[in-house]
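What follows is a short report on a single structure.
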Amino acid sequence: MTGFVLRRLAGVVTTVAVASVVIFGALYLAPGDPASLLAGGNQPDPAALAAIRERHHLDDPFPVQYWHWLSGLLSGDPGVSLVLREPVTALIGARIGTTLLLVAYAAVLILTLGVATGVLAAVGGRRVDRALTVLTTVLMAAPAFVAAILLIWLFATTLSWFPVFGSGTGFADRIHHLTLPALALSGGYVAYVSRITRSEVRAELAADHVAAARGRGLPRWTVLRRHVLRNAAPPIVAVSGVTVAGLFAATAVAEQAFGVAGLGSLLVQSAARQDLIVVQALSLLLVTVFVVVNMLVDVLNATLDPRLAKEGAP
Amino acid sequence: MLDVRDLRKEYRGAIAVDGVSFAVPAGGSLAVVGESGSGKTTCARIVTGLEKATSGTVTLHGSVQMVFQDPYQSLDRRQTVRGCLAEVLAHHGRDRSRLGELLDLVGLDRRLGDALPRQLSGGQRQRVAIARALAAEPQLLVLDEAVAALDVSIQAQILNLLVDARAATGVAYLFITHDLSVVRHVCTDVVVMSRGRVVESGPVERVLHEPEHGYTRRLVASVPRPGWVPRRAVNRD
Amino acid sequence: MTALAIPVVRRAVPFAAVICLLVVLTAILAPWIAPYDPNAIDPLNAYAPFSAAHPLGTDDLGRDLLSRLIHGSRTSLAGPLIVVVAAGTIGATLAITAAWFGGWFDALMSRALDVLFAFPGLVLAITVAALFGSGFITPVVALSVAFVPVIARVMRAAALRERNLPYIEALRVQGFGAWRICLRHLVPNLAPLLMVQAAIGFGYAMIDLASISFLGLGLQPPAADWGLMIANGQPSILAGFPQQSVTAAVAVVITVVAFTAVAERLATRFGGDVR
Amino acid sequence: MTLLQFDRLTVAVSGRPVLRRVTLDVAAGEAVGLVGESGSGKSMTVRSVMRLLPAGATVGGTVRFDGADVGALDAAGLRRMRSRDVAMVFQDPRAVVNPVRTVGDFLTEVLRDQGTGRSEATRRAAAALSEVGVGDAMRRLQQRPYELSGGLLQRVVIAAALLTGPRLILADEPTTALDTTTQEEVVAILAEQRRLRGTTLMFITHDLELAAAVCDRIAVMYAGEIVEILPAARLHSDARHPYTRALLGSRPGAVAPGERLRTVPGVPQSALTAPPGCVFADRCPHAEARCRDVRPVFTGSAACHLLEVL
Amino acid sequence: GPAAATTITLVETTPAATGDVATVTWALPSGEPASLDPARTGDYSANTVGTNLCESLLRLETDFSTSPGLASGIVQKDPVTVVITLRDGVTFWDGSALTADDVVYSLSRHRDPELASYAAHVFANVAAIEATGALEVTVRFRKPDMQFVPDMAGVPGAIVQKAFTSKAGPAFGTATGGLMCTGPFKLAGWRNGARITLERNDSYWDAARRAKAARFDFVFLTDHSTLTSALLAGEVDGVYGAPVGSIAALRRSGTGTLYFGPSTETFSLGAVAADGPAADPRIRQALDLAIDKTSYVAGVLKGAGEPLRTFTPPLSWQGSPAKAVYDAGYAALPDTSKADLEAAKKLVTAAAPSRTDLVIATPAGDQSLLQTATIAQDAARQIGLTMTVRQLQPAEFAGLFYDPALRQGIDFIATTGYLEVPGALYYAPGFVLEGAPFNWTNYGDAGVTANLVGAVSETDPAKSAERFVAAQAVFGPAKLQITLAGSYNRLFLNKRITGAPASFSYISSSWAALVGAA
């Protein structure tokens, strides 16, 4: 097990390292001149531009620039936003709490609703299954921003149960504010996890060891809990892990629609403003979060099913 | 014709086959028997080139083909019988007209030529697999538990077919199996394997009637037969 | 991972097939069957309700919604189609070569795909589109790239499984070359799974492209694209004119569901075992 | 005394016949072998005792266990029967033991469900393991299925079956996945336990010789029907039904090496494709016109029109 | 259709507040400002917030006239000298007194090339800024510049504290760096991405204009439907620039009132290519004639606007002593608000453009401009031109105004513009003089140049106006900007508050101080 964790950890480090090169390289190649951004809105004169380039190492060869960036990152300083003139750490710091909460909230919704409906569809008989199939189909095919507008219209404007926008202050108020964004964000993923759960649970229900467990006179609920769900858990956890890890970035649309200041909308806005420094740092952060969450999920899965920790296991 | 010397195969430190030697003369038939995990399949895969030995030599004069245990997975599920055989014939530069002969040889109705594997029974599939192997006119045919998955009545058909095919083509067999009665029926020589090693070998008659090695004795004794009483190893001697 | 197919009610499949056919026909015949020019504006007749002249009403500039929906089917189908075809081809090729050659090649490929996989699709597309220019092509290319690891992962697992089946080994014993076995046997046998993956990807691509349009980074107006129509109609929903968003959203949902249903059915039909 | 009774048991899955009028009495303490080729309905027969049939199965006729109609049991009664009275051993131990939980969990869960304390359950599980010849029982309890060989695992499954002291064991090809030496072990354990406890056994196998060695009586199944029932000791001498004879004759050991095996033409039928008359008619070398048209009735030992003639 | 506008009445102000309120939540539909540093203020959001914090030397009134602000007077002593007299007793938020030094510092900042101030162009003709007394600052010009004084009512005239600013360095005006000014509100908090909080400056120098709200929260709501929902739900109390698409919904609402006020905002199509069809005045005139302005106003502005004859909107001279001259000049311009397709087609035929495929750019996400571009596209189609719409990211779009490379391959832009200070001369020189930054088509007319340069250096308002009108009579019909309409200022106020100016003058005034209980 220790060996497995170490191997996965090494994998995370390599992935992040490669990703950092990819991210930096892609943005290096992106059209547009960061110097003109730094120069402000006016028509800058060539001398001023040259000075700015000099100061920000923009004329250095790629490896040198990359090294500057990387050593800054490693020493905890990803730089200062080209547009907002704020340290990237401050920009991210101001938003990460909200995003974490939003993601956690959505993740809880996805896991509870997704798994619950999936299990229900698998064991609840034909009619329930069909009803849930229709529901998940529609949920999966409905973009988050469409869900957002419907939720706002129904719960915020018509019923006034939840606030329309913002991220709130204090825990209860934040939860109150983030309910609709979390719902809009999670809709499609709930359906996805529900589908996966349904098919995994069905596959597990058909397994011989489940029939055997029933044949040994174990109560239905015990069989469901200890044999079906327990065994269906690893693939469901794996899929949910990828989903939840991806949520950090997928928040963009929901944040945009609900005026919530989070990392997703910061990424979109920064990209739109060509604020490369922010985009680089944020992309790498999101990638790191993604691979780390995935690693945690793998480790969790390996404790659930030690076969997965064996060398050479897929 | 096949000469295997000092074969050794390791999988990440685990030794699957260790110092195995045997030989198959042209037109001969050698059985490989032994407990589960003793390395029989590993030997077969090395002989057919599906796997590389860690050390040791395999000398083979002529070509080799293989028939696998599971008739349900050893055919391409999208290919008709005819397509499957024609592909192999063409690949080996044989004439397409041999297709009919092959079907006859393995006792398959020619009308089944257009059938897909899923339309065939297990026995029929195994016939196709044998026909496919014979299409290349190999000098050696490796059969890895080729009849184990078949029903008794079908197994008999296939065994007869194998005997006939050997008579007709002069192909040699390397026959891997658990079933000693099959060994007696098809093979002239036998190699007994246990834990990756050859523990005993020789003519079938001799090995099965006067087993020398303890494992062989236990193996022979464990075959159900009239008057047989199963015993637990701990209780024996 | 299990193929995430929509558990279709079998009886609905012919119905879904008819819908697919209709959608495709609509896309092909759009200029001939649309009652109006999809871009002909009439600002004084904006937000017209359902009527005989405008069966679905008009949008914020008085354009006929039915005509826009009909014309919109073209890019709405073409975008996701390109994404799944490109990602499917690249993903399947990578997956099959990785599974076939194994060893360090497989390890390298898997790690590379992991890196790619770590960029969530929509975000990759958004960032790339924002930095490299919006439009039809950029998001489609970015999304194709983002879909590659998703498809490749599933396909690699399946290819590994398939590669170890005795029939492939039998072909190897027969002396067939790797290329031939891959192209003639592995690929056709994996095709049904690829098709299911593509069908699911199609739905996601459609939704993702719509989201990109919502953020203003996708296809450019006044193109009559469904995703764009949802996004453009969105502000007027609160004003009491939901037709544009609703009709386009319904078109997206129906198309996605119908395509997935039919693809899955075809896959089980021709491939037998999808898993 | 009859412990288990199949009375004209008919099973269909989604309208397709699987078992047809299976009638069989198993006396308490008796061992009955159920022999036949793939798809003949052996598993369905024993599964119907536990009501472990596939979804959409319809059952006709009755199965009685200890006089009680199994089909009429309520949920609690069914659970009681499954957990205390009847145990099942399946063909593939790997498929049957939950792969992600420990051997100990597998062995103790039924006892724990019945209210046995944890340490008591563990103690009994360890004892059961030792009884079936698994050494180092406490360590084995911590292990997971993939860490055990097939033979060991099958012993674990048998230990689990014995643990609750059942009156009937249904063993569905418990040795097919094992090699012959391990098969001998497993079969010996079953026989030994039966001797010790007087448990009733239904033993399914493809292997007539094996069945004859383990059982008192043998029932031969074909296409969803029992075609012959005969005492194990007289398998070779008294087999009357052409199918039983075909089975005996087609084994490689039945003829001298070098001779051709006596094969049966055609492929085994299933209950679904069986002809209207005798189920074996289309493969039977002796078949007459009436065999193809009229179903033979089971007369004491076999279902065949030609019983007197052959 | 259902969109036909109901009658709209324009008001300059809303009813005066009756008392104080604790907190007002105000939305910024353009999103979070990048900075509140006056040198980096140049958009709706930064203006809307910043002018309540850092006051200017002059105040902008609701009718676009100016009145004394931090300066008790600004006198154009001669064509090249302006003397600014500061008000006595003005203090910064930290209690320190406003000095001539601070003013010199604040104005000079814009001339610092390192700082790259957005207002640098205002000081283009300035030769020197110096303190000539404890409360007197003198600005000397290289060339006469009549627009300078009115500019002092806007952000270029905003005053910051020297000590604080030089200490804060580049962070000045950001969430971390903060501000130090004299306004009726002080910057109390800026939660990055979430909100900017202003608190009342209780020691504000002008007791008459002491803020009525103890706190002002600005939130960033760029999504129109979210913003509208928030207004309707009462979660946000007010907004300037309420979404056009939501006019109907907001007017119907019982939560508050939607006011329409006069504005300098215009919607236009700008020709950006120096060569190709867009550089040909006949093509621009044809396009102008092909668009029916009345239906444009109804369709795009939902009735909240009116057609304009040229790009300098009449509100810009409403406070001028030469108003009559300007009005007459405007009235004399040709009225093209009715579409005339025949005339337009003739113009195209006459122009015989080298190519008929044009590209029009709009900033992504702006629904109204998107509709504008679409309408232009439709009009182009009707006169035998094809026009492709290209949506650019807002940053890219903004860059287009300065960077010729970004204008490559684009013929027209659909854009909005506004004047944040009074003065008819605000726009024209930048657009029509040879070599001017926005003269993208290389327009050049000797008469126009002479008249405009004369107007800029003429100290007598009436004479200046006459020369401007003469130039406008020539460059107006050339349609460098195809002005489609002027839009009304749209202000929504929750029923619990009132007092905010309804006129567009809010853009340069400490308007929030007026907002109080209804």
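Lettered A, B, C, D and E in written order, each chain numbered from 1.
As a working rule, a contact is a pair of C-beta atoms (placed from the backbone, for glycine too) under 8 Å apart; a residue touches a chain by one contact, two chains touch by 3 or more.
These numbers were taken from a predicted model, which means no experiment stands behind them.
Note on connectivity: the fewest chain-to-chain touch steps from subunit C to subunit D number 2. The chains other than subunit D, grouped by which ones touch each other, come out as one piece. Once the centre of each chain is set as its mean CA position, subunit A and subunit E turn out to be 40 Å apart. Distance between subunit B and subunit E, defined via averaged C-alpha coordinates, is recorded as 89 Å. Taking each chain's centre as the average of its CA atoms, subunit A and subunit C sit 22 Å apart. Subunit A and subunit D have centres, each the mean of its CA atoms, that are 52 Å apart. Multi-chain contact residues, meaning those touching two or more other chains, occur in subunit A at positions 32, 149, 153, 157, 256, 272, 274. Residues of subunit E in contact with at least two other chains: 225, 229, 232, 364, 393.
By the contact rule set out at the top, the touching chain pairs are A-C, A-D, A-E, B-C, B-D, C-E.
Residue ranges on subunit C touching subunit A, taken from their complex, read 1-2, 4-7, 9, 111-112, 114-115, 118-120, 122-123, 126-128, 130-133, 157, 160, 203, 207, 210-211, 214-215, 227, 230-231, 234, 237-238, 245, 249, 252-253, 256-257. Those residues of subunit A that touch subunit E in the complex are listed here as 32, 36-37, 39-45, 48, 83-87, 90-91, 93-95, 98, 148-149, 152-153, 156-157, 160, 163-167, 256-259, 261-262, 265-266, 269, 272-274.
Of all the residues in subunit E, the ones that touch subunit A in their complex are 31-32, 34-35, 40, 42, 113-118, 120-121, 170-171, 174-176, 191-195, 219-223, 225-227, 229-230, 232-233, 235-236, 364, 393-396, 398-399, 402-403, 437. Across the complex, subunit A meets subunit C through its residues 11, 14-15, 18-19, 22, 26-27, 30-32, 129-130, 133, 137-138, 140-146, 149, 153, 157, 188, 192, 195-196, 198-200, 203, 235, 238-239, 246, 248-250, 252-253, 256, 264, 267-268, 271-272, 274, 276, 279, 283, 286-287, 290-291, 294, 314.
Contact residues of subunit D toward subunit A in the complex are 50, 52, 78-84, 87-88, 90, 92, 95-101, 105, 109-110, 113, 144, 146, 160.
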